[in-house]
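Everything on this sheet refers to the single structure shown next.
Going in written order, the chains are labelled A, B and C, and every chain counts its residues from 1.
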Amino acid sequence: MIDIQNVRKSFGDLEVLKGIDLTVERGEVVTVIGGSGSGKSTLLTCINGLEPINGGKITIDGTEVHARSTDLNKLRTKVGIVFQQFNAFPHLTVMENVTLAPRKVLGMGRAEAEAIAEKQLRHVGLADKLSTYPSRLSGGQQQRMAIARALAMSPGYMLFDEVTSALDPQLVGEVLETLKMLAEEGMTMILVTHEMSFARDVSDRVAFFHKGVMAEIGAPDQLFGAPRHPETQAFLSKVR
Amino acid sequence: MFDTSLTLRDLMFLAEGAGVTILVTAISVVIGTLLGILFGVIRTQLGPVLSAPLTFVLDIFRSVPLLIQLVLGNAFVGMVLQIQISGFTVACMVLSLYTSAYCAEIVRGGIEAVPETTRRAARSLGMTWGQDMRYIVMPLATRVALPSWIGLALGVMKDSALVYVVQVTELLKSTQILITRLQEPLFLLLICGAFYFIISFPLARFGGYLERRWSND
Amino acid sequence: MFDYTFQWGQAMARLPRMLDGAVVTMQIAVLSMALGIALAILLTVLRLSGSRPLMAVATTWVEIARNTPALFQIYMAHFGVASFGLYLSPFASILVGITFNNAGYLTENFRGALKAIPDTQSRAGRSLGMSQIQAFRYIVMPQMLRISFLPMTNQMVWAILMTSLGVTVGMNSDLYGVTQDLNALTFRTFELFAIAAVIFYVITKTITLGGRLIASRLFRY
């Protein structure tokens, strides 16, 4: 369970998260939507401990993320994150990209790591690209590789930060398919996205962020069909 | 307190050496730069095939230790041509050619960094080759070349420490002479190193600053 | 005026000894590069450490290496260090001096290479549970070394050229040292040093061209 309580986060004078409360249960898929600068991406990097927070607390399976005693490196092996930029490691083949962390962080042997990597890469449809370098892959393929790379750590939770925003329109579909497949398999996920019909399709709950505040959260049919908050209504009418 | 047998006269001796270092450097950098610009322009104008002999000769200056260049220059003038000229002149001649070889590369790089489209635009406005060079290519190429050129000039100053081999007593040689006499190597070397550092460090920083500033636009 | 008769035969007879010297020259250069790269990686880590004293150590090293003559650095390794009662042999002095110089210049090259690697690379590593050191070791450093490969071959050429300075601290088994000793025996200065120049030229060209070949073959990504 990911439990977010009254989380505040500032960059200098700019407060980007103004007290966020959100609980995500195991097996749940929660989508976060909102305009740019609403703080939704920042929340994901805070959950993963890549950014410190200024107030409140985030707990994952009982471990407080920002507590001093927490081993963040260990915690991050349980919480995978995929970014807008694919962040492929250019000097490594697809296979090496995926096996690096299992081998060096989890201490797996090469054979075991490669077996897992192959399984995950087949899962995302890259079984034929194992010895290819990322520069030879399309954006969509690189992003699917990044997903496989995170999945190879067998995380309990996955965070997706606008993973289709940097893709050419014709490549968005293949990545969304992969995400949908994961959701159907029961992966616990928090997604930040601009793909509204996708959000409506896969989510158990949808949250709308506005200016650092979670203005509204609810079932997809309710939030998209009958938004309560005036800002949600305004946002949805703009993106449709 | 610090104890040394270094006298004021010794300090003057070092200062004289420093003067020689600066003089050799200044002469070589000026002549070397003029030659370098000439060679660099020739290379870009003639193209890689026609300028291959020039490229080859200049390349030798960058592939053979300066110490050997100085010895060979000295032997050639003294033993082969049997002309009596001072070590100082030989040092300046060799260092000038050495400088010109690196400078030609810098000039070529600067000129090649000017986009062909910009030059065509200049020519389409009716500018002559000379005008294009004078008003378009040179100002733009200078921006690319100047930081490297500062680096080159400082490099020549540091490399001028090798002219001792043709009997020129510059700063490092003067230091060594005093070391032999006073037996205070560390102290004397620190004075000598500080001199190079005080000249080189601020100029190198300035070059870095120019590079950063000009690479931003 | 041109009554000087070249006697190439006499000098060429010494070629085997000079080639032995060339081997020593290459040994010094290769060793000083291997040590220089290792030290430059260490200095780069110090620079990234965020600790002020450690960063100051790295910066001081780099600036002294870049702003004083290589010959000065070799003198320091030989005569300067001797002031502390530590006497380095000619071979050790030249090796220490060139290594110091290599490490300084390479650290500066690495700094430039790091600028070309986006922060998100290290961040992606961290997000997979890697420690800061692991992210540097497995993700940033390999890319840094590949970007710096051609500058490293340039530094290797400099290392070869710098070996000629060993003669100033009594080194006589390297190519320059051997040539100078032969010169003292035969006085065929021009011929001997011309041959040495050709050998240096061949070595440095081989490094430059070899480096380019390796770079185009090896780094396919």
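Note that a residue touches a chain if its C-beta (ideal position, glycine included) is under 8 Å from a C-beta of that chain, and two chains touch if they have at least 3 such contacts.
All of these numbers come straight from a predicted model, not from anything done at the bench.
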Practice task
Starting at chain A, find the fewest moves between touching chains needed to arrive at chain B.
Solution key: 2
Exercise for the section: Name the chain with the Cα centroid closest to the overall protein Cα centroid. Expected result: C
Handout entry: Distance between the centres, which are taken as Cα means, of chain B and chain A, whole angstrom
Key = 56
Practice task
Please report how many Å separate the Cα centroid of chain A from that of chain C, as a whole number.
Solution key: 46
Exercise for the section: Would you mind pulling out the distance in Å between where the CA atoms of chain B average out and where those of chain C do? Expected result: 20
Problem - List of chain C residues in touch with chain A within their complex - result: 118, 120-121, 123-131, 134, 138-139, 142-143, 146, 220-221
Fill in the blank from the handout: Contacts from chain B onto chain C in the complex sit at residues 60, 63-69, 71-72, 75-76, 79-82, 154, 158-159, 161-162, 172, 176, 179, 184-186, 189-190, 192-193, 196-197, 200-201, 204
Completion exercise
Seen from chain A, its contact residues with chain C in the complex are 48, 50, 73-77, 80-81, 83, 85, 87, 89-91, 100-101, 104-106, 133-135, 146, 149-150, 153
Exercise for the section: Note which residues of chain C are touching chain B in the complex, please. Expected result: 1-4, 63-64, 66-72, 75-76, 79-80, 82-84, 157, 161-165, 167, 176, 189-190, 193-194, 196-197, 200-201, 204-205
